[in-house]
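The following block contains the structure, expressed as structure tokens.
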Amino acid sequence: MKFAVQVLRGPYNNQASDTAYNFVKAALSKGHEIVRIFFYHDGVINVNNLAEPPQDDRNIFARWTELGKDHGIDIVACIAASKRRGVKEGHIIEGTRISGLGQLTEMTIEADRLITFG
Amino acid sequence: MKFAVQVLRGPYNNQASDTAYNFVKAALSKGHEIVRIFFYHDGVINVNNLAEPPQDDRNIFARWTELGKDHGIDIVACIAASKRRGVKEGHIIEGTRISGLGQLTEMTIEADRLITFG
Amino acid sequence: MLHTVNKSPFTHNTLTEAARFATKGSVILLIEDGTLAARSGSKHEPALKEIMSRNDVYALEPDMKARGVGSVAEGVKLVDYDGFVDLVAQHKTNTWL
Amino acid sequence: MLHTVNKSPFTHNTLTEAARFATKGSVILLIEDGTLAARSGSKHEPALKEIMSRNDVYALEPDMKARGVGSVAEGVKLVDYDGFVDLVAQHKTNTWL
Amino acid sequence: MNDGTGNVDETENDQNVKKIMFVMRSAPHGTIYSYEGLETVLIMAAFEQDLTMVFIGDGLFALVKDQMTDDIGIKGFIKTYGVLDDYEVEKIYVDRISMEERGLVPEDFAIDIEVKEAEEIAAIMENQHAIIPY
Amino acid sequence: MNDGTGNVDETENDQNVKKIMFVMRSAPHGTIYSYEGLETVLIMAAFEQDLTMVFIGDGLFALVKDQMTDDIGIKGFIKTYGVLDDYEVEKIYVDRISMEERGLVPEDFAIDIEVKEAEEIAAIMENQHAIIPY
């Protein structure tokens, strides 16, 4: 089945990023397709590449990059939301991109299921 | 009277930054001293200099810089919280700095009043 | 003591919890979404009246106006940011997040 | 329909609100802080039982274990992330933030 | 059928029209959620999707008339709701219990809304391709 | 008096010891607030302030034993509370009503706490130099 995933909260501050990641991993292992992961609201901070998370905890940023690399998942942060929060082209993690809400629209239309984590 | 101000939420996402700013402006105009403004949790995003807020709305980032410049207020973002959220030395707005929780401790001790916005 | 509350009473239990810790003479200040508690005619008004029987309740007028809170429950005192500063100068402050 | 709830029932009215919109056959899944609703012996348990009289309630076990929720209220079904995925595959999903 | 001008065939286009419901539960100004939510609605309306907006809980306050935000220094967005009509977003529902609990009446709102019971809203919800909460 | 070694005089130091109360109301893991709050407590303890921690509402869940976070992939921090004793943070209070409403008993907590009535906590609150909420 085709899943689209929206994440609305920032990494570490809220658990939404973690739950989304664990959900996506499980969905992939069950053979589902992830159409796209779209970050909105504070969720856009997930793609910031200037973070240096504590060594003794999970690295949320590196996890998204790996997920994109290993499974070819399209990972997009909303440009309007990014501009308000200082997430900027040139300072985002590998394998992600910044784009418009059209990407959210598209994935919602295309997917069998939209699930939001926030 | 000496006030110390702590802000715990990110700009635009929550109103806390706005309320803190309006409070500080009023306190200064009434002759109070602001010992320091300390950003913690997602509050650290207030000092990110990569943001480009919409032209037709207030610029929260520019407001902090002006406040620091016009009134010589010390504005500090917590380093541990900043590292988790991608706020980094070299990418912060003018007139602010990144430092440790010792700065929160110091201002709490020194001020007559600590007020938290979150 | 000044207790500030910035969450809506319709969705969060923050105001109820803050009121439990307000001693005689303590003051409660509603700000941001917390000012939604100061509407008259809502389901929450009796609880607000109960709190006001023990503690003074203020509301930040700029936040009320921003939310189009037309009619203010009787007994709620309105302050602007200057009044907010005065309350903090008069009392130690606890913020109920 | 699958309704997910990630807020604590002790501090937010989210679960109560979600339950009001759950039709017959709809399923509620508690995740994150929402799993605190699945504790047995809490003030919220009667409300949970009331909800379970109409709708199946699941709780995400990894989140329960993370919160040390020792004793689970009778009737709550536990799922792991695989089970969460299956529920989403079976139902359209609405997230109650 | 593609007419060679780059326009997509109408029929094919219709297959891409999905029922999408926005569940608006956030009060305005305290958080940006209701504003950013409205931005999404406008984009999806431009994509000509079959949209429904449902206001539940404190989401209703986003629609209240006479929001004067000058003193908090935040740009208000109540006027933006007026644009929904131009975009043919016309299914705008308000949950009756949420309204009554907040002491609101339909005349308090800046735009035309239809008051519905939770059961009616739930039934419409069941009929959607996707639900987006803000 | 400064002894010339750079050590601050004891008496002067004592004047800088303030009563500071942390009001912990956040559940663990769903947000980072209770964890980042604990980080602040430990720093202030290192500055040898006179600290009190009060757990109210869902804040109590941060202290519950047997939090197993492996399956959510988040580093747990319940063990860090054990350090408080080393830092001589000993005034750790739990609100009785919050505890009972959640079906918790003192034996559920990973560290020694004292159960107090809201009135007692409020009285201690009145006596502080500053209150810090997380």
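Note that the chains take the letters A, B, C, D, E and F in the order they are written out, and that residue 1 is the start of every chain.
Everything that follows uses one rule, which is that a contact is a pair of C-beta atoms (placed from the backbone, for glycine too) under 8 Å apart; a residue touches a chain by one contact, two chains touch by 3 or more.
Being a predicted model, the structure only gives us computed values, none of them experimental.
Chemist: Go through the assembly and pull out the chains touching chain A as well as chain F.
Modeler: Intersection of chain A and chain F contact lists gives B, D.
Chemist: If more than half of the interface residue numbers appear on both sides, call it same; otherwise different. Which is it for chain A and chain B?
Modeler: same
Chemist: Which chain has its C-alpha centroid farthest away from the centroid of chain C?
Modeler: Farthest chain from chain C, going by C-alpha centroids: A.
Chemist: Which pair wins on C-beta contacts, B-E or D-F?
Modeler: D-F
Chemist: Using C-alpha centroids, which chain lies at the maximum separation from chain B?
Modeler: If we average the C-alpha coordinates per chain, D ends up farthest from chain B.
Chemist: Report the inter-chain centroid distance for chain B and chain C in whole angstrom, where each centroid is the mean of the CA atoms.
Modeler: 24
Chemist: Just the number, please: Cα centre separation of chain D and chain E in whole Å.
Modeler: 27
Chemist: Residue numbers in chain F touching 2 or more other chains?
Modeler: In chain F, 29-33, 57, 72, 74, 129-131, 133 touch at least two other chains.
Chemist: Which residue numbers or ranges of chain A touch two or more of the other chains?
Modeler: Residue numbers touching two or more other chains: 8, 12-13, 15, 19, 22, 41, 54, 80, 84, 113-114, 116, 118.
Chemist: Among the residues of chain C, pick out those that touch two or more other chains and give their numbers.
Modeler: 6, 10-11, 13, 32-33, 62-63, 80, 92-93, 95, 97
Chemist: Check the chains against each other and report every pair that touches.
Modeler: So the chains that touch one another pair up as A-B, A-D, A-E, A-F, B-C, B-E, B-F, C-D, C-E, C-F, D-E, D-F.
Chemist: Which of the residues in chain A come into contact with chain F in the complex?
Modeler: 12-15, 18-19, 21-22, 54, 56-58
Chemist: Could you please specify the touching residues of chain E with respect to chain D in the complex?
Modeler: Spelled out, the residues of chain E in touch with chain D are 23, 25-26, 33, 56-57, 97, 118-119, 121-123, 125-126, 128-131, 133-134.
Chemist: For a test of understanding, state which residues of chain D touch chain F in their complex under the given definition.
Modeler: 6-8, 10-11, 32-33, 36, 39-43, 45, 61-63, 65-68, 70, 80
Chemist: Considering only the defined contacts, which chain D positions touch chain C in the complex?
Modeler: 10-14
Chemist: Once bound in the complex, which stretches of chain F touch chain B?
Modeler: Those residues of chain F that touch chain B are 16, 18, 20, 32-33, 36, 39-40, 43-44, 47, 49, 129-133.
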